[in-house]
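First, the structure itself, so that you have it in front of you.
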């Protein structure tokens, strides 16, 4: 009885593939459009409104004043540039750290080593992000692990704690697993014969790397960079925990305005900077085929 | 091994005995963990030769090629190129190029860039490089495809880009690992003559791997037959087809009938058997004649294949060229009694 | 289309004219975006027939098969199975089974589970199901492999599981899409006779797709030749080989020489040409004789292929069965002047 | 093919990167035994008392429970929505197909603070009080992409002919899904779900905006960190969670890579 | 607009839960656990690091997520005028009558005679220093503007820190004419910001969390900074060599009130909680834990019981006079207390503070 009904439905769906597609697509599409995209749109409409700072009420008159305040102020420009620059620096660092690592996993590691390395890369994701960032403070502190080691080796101590250098290292650390995995996936898909063909045609290792391996692994690099770049771009906790003076990020300003000052319109206006940056980034990334290896 | 002796015979017969040896593999052995992929292989390829490695899957053909190219290092033995020991040189220092079975074209480069790659690594000046790339593309008839990406080409075209990419470097030896394996029948046949034409044009030594015996027979100057990591016979196409060293070769290279007579075993190729209706005489003298019964007649277009049961029960396959129009009635042959005959010297005794 | 007429001829010749039509495809058309994959195809397959679709890559063979199986819906036209219109039925409501080119074995099920799958979906009782699975595996000679997973089988064995999985359902029609395409030469030849044996045993109608003309000729009762989404000829193997409807078919099915005489074009198959040294007489009467010069002699083991230039400059290919031992000297034939001859009734005029 | 030098250099690099990844984690482990509640180097003394107090801490249990519940629910939603989107995109041709993969990646590619703010204002606008459910909705939104990516990658590797074979053998759409498609993609579903869960389980920024008065585990950790009174307890919790999740991570890897027989 | 009163007649049965927003150190297990046990109201705590954050949390999700907040004077008026909190019926709080008179109806939590907040604890912001590195106790706020401690200074990451600098400048540079550190004209504000920008190069870190500062001192990253007494107490307990002081310029400080959300879902638990934390015992516990002064004058005995002399140490014995010395946090507004519109408001302070931090 029931199976008969299932069968009839099956036949109807077979005859109308458009209906099946619609049924499959409706829930996720509905979810995104109704909950997420609509909310995003609403948020950025509010960027053109203002807030009464005392009562926190929103004044819905259209104005560009938020944007004027942002672009007119050197501080806000500086913070935006700092954030973007840091996101880029972190991304590049992670690529440099991750690439040889992933390469080793794909090419040199035995099957067992590969499982072990993969697990080791993933395990940090299961420990608390906050606790790990916090642990870095102990490493960078004036009387911390790093200086203790340096002293032990007879070096001068360095004052790296609560600086942008510290943030750079911590961010690179936090997002590294997100870079290793897609690069690994991309490298794994390169047929080994291409590598051999390059050597066969007289290219040495370096040339092979830059001319063949790197370009072909690029989608993986870009996929990884989506994570490292966007996650850095949107973070505000790491600057609070390990940053010093002059370490505020776009996220801190946004958070200060939305989470503290309750000035959502201003926060939305400022948040449109990372939104635009990421939008452009994603378009470029999609063209590179990065979405296929994420 | 009787390979060495036959090798001599082979080169003479192919008229290449005077050419210098360009690749010499001596006593090479290669193990992967517990699999011996290549076991004491010796071979000598002479300049300008079209030399084929033929053998069943897993017999060590690819491994031999990879050892020569330098992608693998032998556990034992020596590889010489043009008289110099290259056993320890990396691939990029050997004057050899490879055409890969999966083509191994760089997907992010255009056809012209692919072909230019080897020249660029050697620092050939831009102008010369450009010229040679055009020349190579012309040779494989792809002069108008330089701007395309490999993904925009058909299988046969990719194959030809792979070839152009190798020959543009004018290597001493070109290694080809089942270069036509992925192509369909018609295309494969076309590419076979294309390859021969190109070899005649560039006069490069070809070391060719295949498991298709017909391909090996039609294209090669000499064939080395592999089995279980060893070379079991080296010789010209006629050698290996008509004087197979053992039963394995006899059945691997073409269809063959094995006859047991007087306690000995003989190879008899299907095309060597004449068939005539009972009572009709053969117009040739000195034939060995037996009675038989046709079990099956299979039309193959160019010829018809007959399965015949001899008086002693042996089933043999015979073929007959279809000199004349056939109709579906040819099938009616099945069941009729016939005479089969062959010249005794067409029997080849197996050791 | 002259296909219809020839179809009649074909069935008669194959001795199948009395059998009922089991698959009828009429006026079927299928477009993908802007590519017309199949264009007004009509065909009738009779019960018990081994019917082959032959044609170059991209000519619409697979699409036709998928339309019959129900994986695609035609834009126009009708598909009838055993007299009933099935055009609008999904695959699971058609009494047809398919053997896929990539085998499409379920990797998570054992061989026996794969074979049992179709019976289970039909709710065949357990006992009967088990029996029929064993029977089907016996038929493909895999009775001891039931417990294995597909990954643990060789290519040829997987192929046979695919076959068993289909025939166990005793469908009215079995569709096979290049079932041997992925196998290597030796294995393919073995599987060809295996397939014929099985068809003889189960007596199911086979609708077979291939692009290998030799395979089509040796196995089929009738062949439909596809080109550019259309059927260009339907007939028995001898029909399509010896009376090709046009130049495309002549060259696609086997090698062929096209001769221009008296303003007309004729097909002449290579095996129909006799070659004799200059001055030697042919031992047959009524032959048309011309002079020629051998340009090239290619040894193919079973026969030798000669490229001959006729007096008027036409190059023709002739083959000669190697009745006797050959040596490498056969190459020396190149350059000699010869006589070539053929029976005039072996010329087939092209429209 | 790599030279000996390259092999050694790469191995050294791997060890360096692993050290980089694990030094902070080792510190977390060690400082779970800190006698003092302030992290200073070297460790002032060892004690097990934080294990005792963490074990007895009701807030931690509540937070852990909330995180688990939210993670499981969000993951379930993500599995459902992510896989149906993957199916639709893989199976059918429709207008705007490209945009779907673009859209699902947005919540994770856009800075978390934007996603958080957007969702927050959405909930406020509709008068939905922040609650357990708003956490779930927020997490599900950015977890969908993980499942989507995993499933679509697998679907691309499963030959279409398998499903056709099933229908050919008489199975209707539902039977085919249950007996063929689901087993084929199940490992990728599990792997995707595990990763999605991990992501949800450790999320701070979006959660800050979507959680009401309740604390998920990361929010509790953040609270504990800002107080500075019971940091070792945080470390104890992290140690505990990590040792619990070691196995699932291993499993996830095995599952993602176990596609061997599917390809050939 | 301020919410109208909606008093319960009596405190009914607890709802089983209570969500509070509190300063770090304001909701410790040692007094929360007994409360939970006694009333069955499970307390969910959310910590906020600044008054601004408190305001936002109270308004989050349209309000009603949290029942109570321990708001300081710079947040309380914003909560009142934003309609976020409702008047409290002080008759239901038995200990109300024992409060320091100035804290019964202070202007920061009482509007038009309605008690929107119940005063809790109060205290000064102090100057914290490392006694190992700084032998002589500093006596002026100038220490945190001193090149001598370059890279070893920490101050709170909070716009209200501008008032601390203004307080110092008011003494150092009387020509500016700063009378009230929370009422600054644009010119005065610019001068203060200039000083703070100078200070920035000395600052190791602007601390955002109480634990930040504790670690900074403990790990030797800083030797001096502006702090709450809480940090001093925690550091001393961990054996760090630190001391704090109120410099001669005086100090800013806080007077906190518990305020009840206008949309509270747990009013009974909230009243029970307010009554509980107003008792002398809890007031004393809180005061000693954080290092501040109770609102309830009866807490003096309890304090001395727990720590001899602590009542005097935290000036509860002279509360009525001591309270006048502290410049309590309040929200800067455009309208100065003299009615002119020349002052700078809080949103301007926020922008300026962002500029200072960079």
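The letters A, B, C, D and E name the chains in turn, as written, and every chain counts its residues from 1.
Throughout what follows, contacts are C-beta pairs under 8 Å (C-beta built on N, C-alpha and C of every residue); 3 or more make two chains touch, one makes a residue touch a chain.
What you are looking at is a predicted structure, and each value in this text was computed from that prediction instead of being measured.
> If you walk from chain to touching chain, how few steps can bring you from chain A to chain E?
1
> Using the stated contact rule, I'd like to know whether A-C or D-E comes out ahead in C-beta pair count.
Higher C-beta contact count between the two pairs: D-E.
> Averaged over CA atoms, how far is the centre of chain D from the centre of chain E? Could you give it in whole Å?
So the centroids are 39 Å from each other.
> Please report how many Å separate the Cα centroid of chain A from that of chain D, as a whole number.
15
> Per the centroid of Cα atoms for each chain, what is the distance between chain A and chain B, given in Å?
54
> How many angstrom lie between the CA centroids of chain C and chain E, rounded to a whole number?
Computed value for the inter-centroid distance: 91 Å.
> I need the residues of chain A touching at least two other chains; which ones are they?
10-11, 14, 137-138, 141, 143-144, 196, 199, 241, 258-259
> Taking each residue of chain C in turn, which ones touch at least two of the other chains?
Residues 90, 92 of chain C each touch two or more of the other chains.
> Could you say which residues in chain D touch two or more other chains, in rising order?
1, 39-41, 172, 225, 231
> Tell me, which parts of chain A touch chain D in their complex?
6-7, 9-11, 13-14, 17, 20-21, 24-25, 27-29, 31-32, 35-40, 42-43, 46, 97-98, 100-101, 103-104, 107-108, 115, 117-132, 134-139, 141, 143-145, 148, 173, 176-177, 195-196, 199, 205, 226-227, 230-231, 233-237, 241, 250-251, 254-255, 258-259, 264, 267-268, 271, 274-275, 278, 281-282, 286, 291-292, 294
> Touching residues of chain A toward chain E in the complex: what are they?
53-57, 69, 73, 75-76, 78-79, 137-138, 141-144, 159, 161-162, 240-241, 243-246, 248, 253, 256, 258-263
> Which part of chain D faces chain C closely enough to touch in the complex?
Listed in rising order, the residues of chain D that touch chain C are 159, 161-162, 164-172, 175, 179-180, 183-184, 260-262, 264.
> Residues of chain D touching chain E in their complex?
So the residues of chain D touching chain E come out as 36-41, 59, 120, 123-124, 127-130, 134, 212-215, 223, 225-229, 231.
> Which bits of chain C are touching chain B when the two form their complex?
Residue list for chain C touching chain B: 13-15, 56-57, 184-186, 211-214, 217-218, 236-238, 241-242, 252-255, 269-272, 274, 283, 298-303, 305, 319-328, 330, 343, 345-346.
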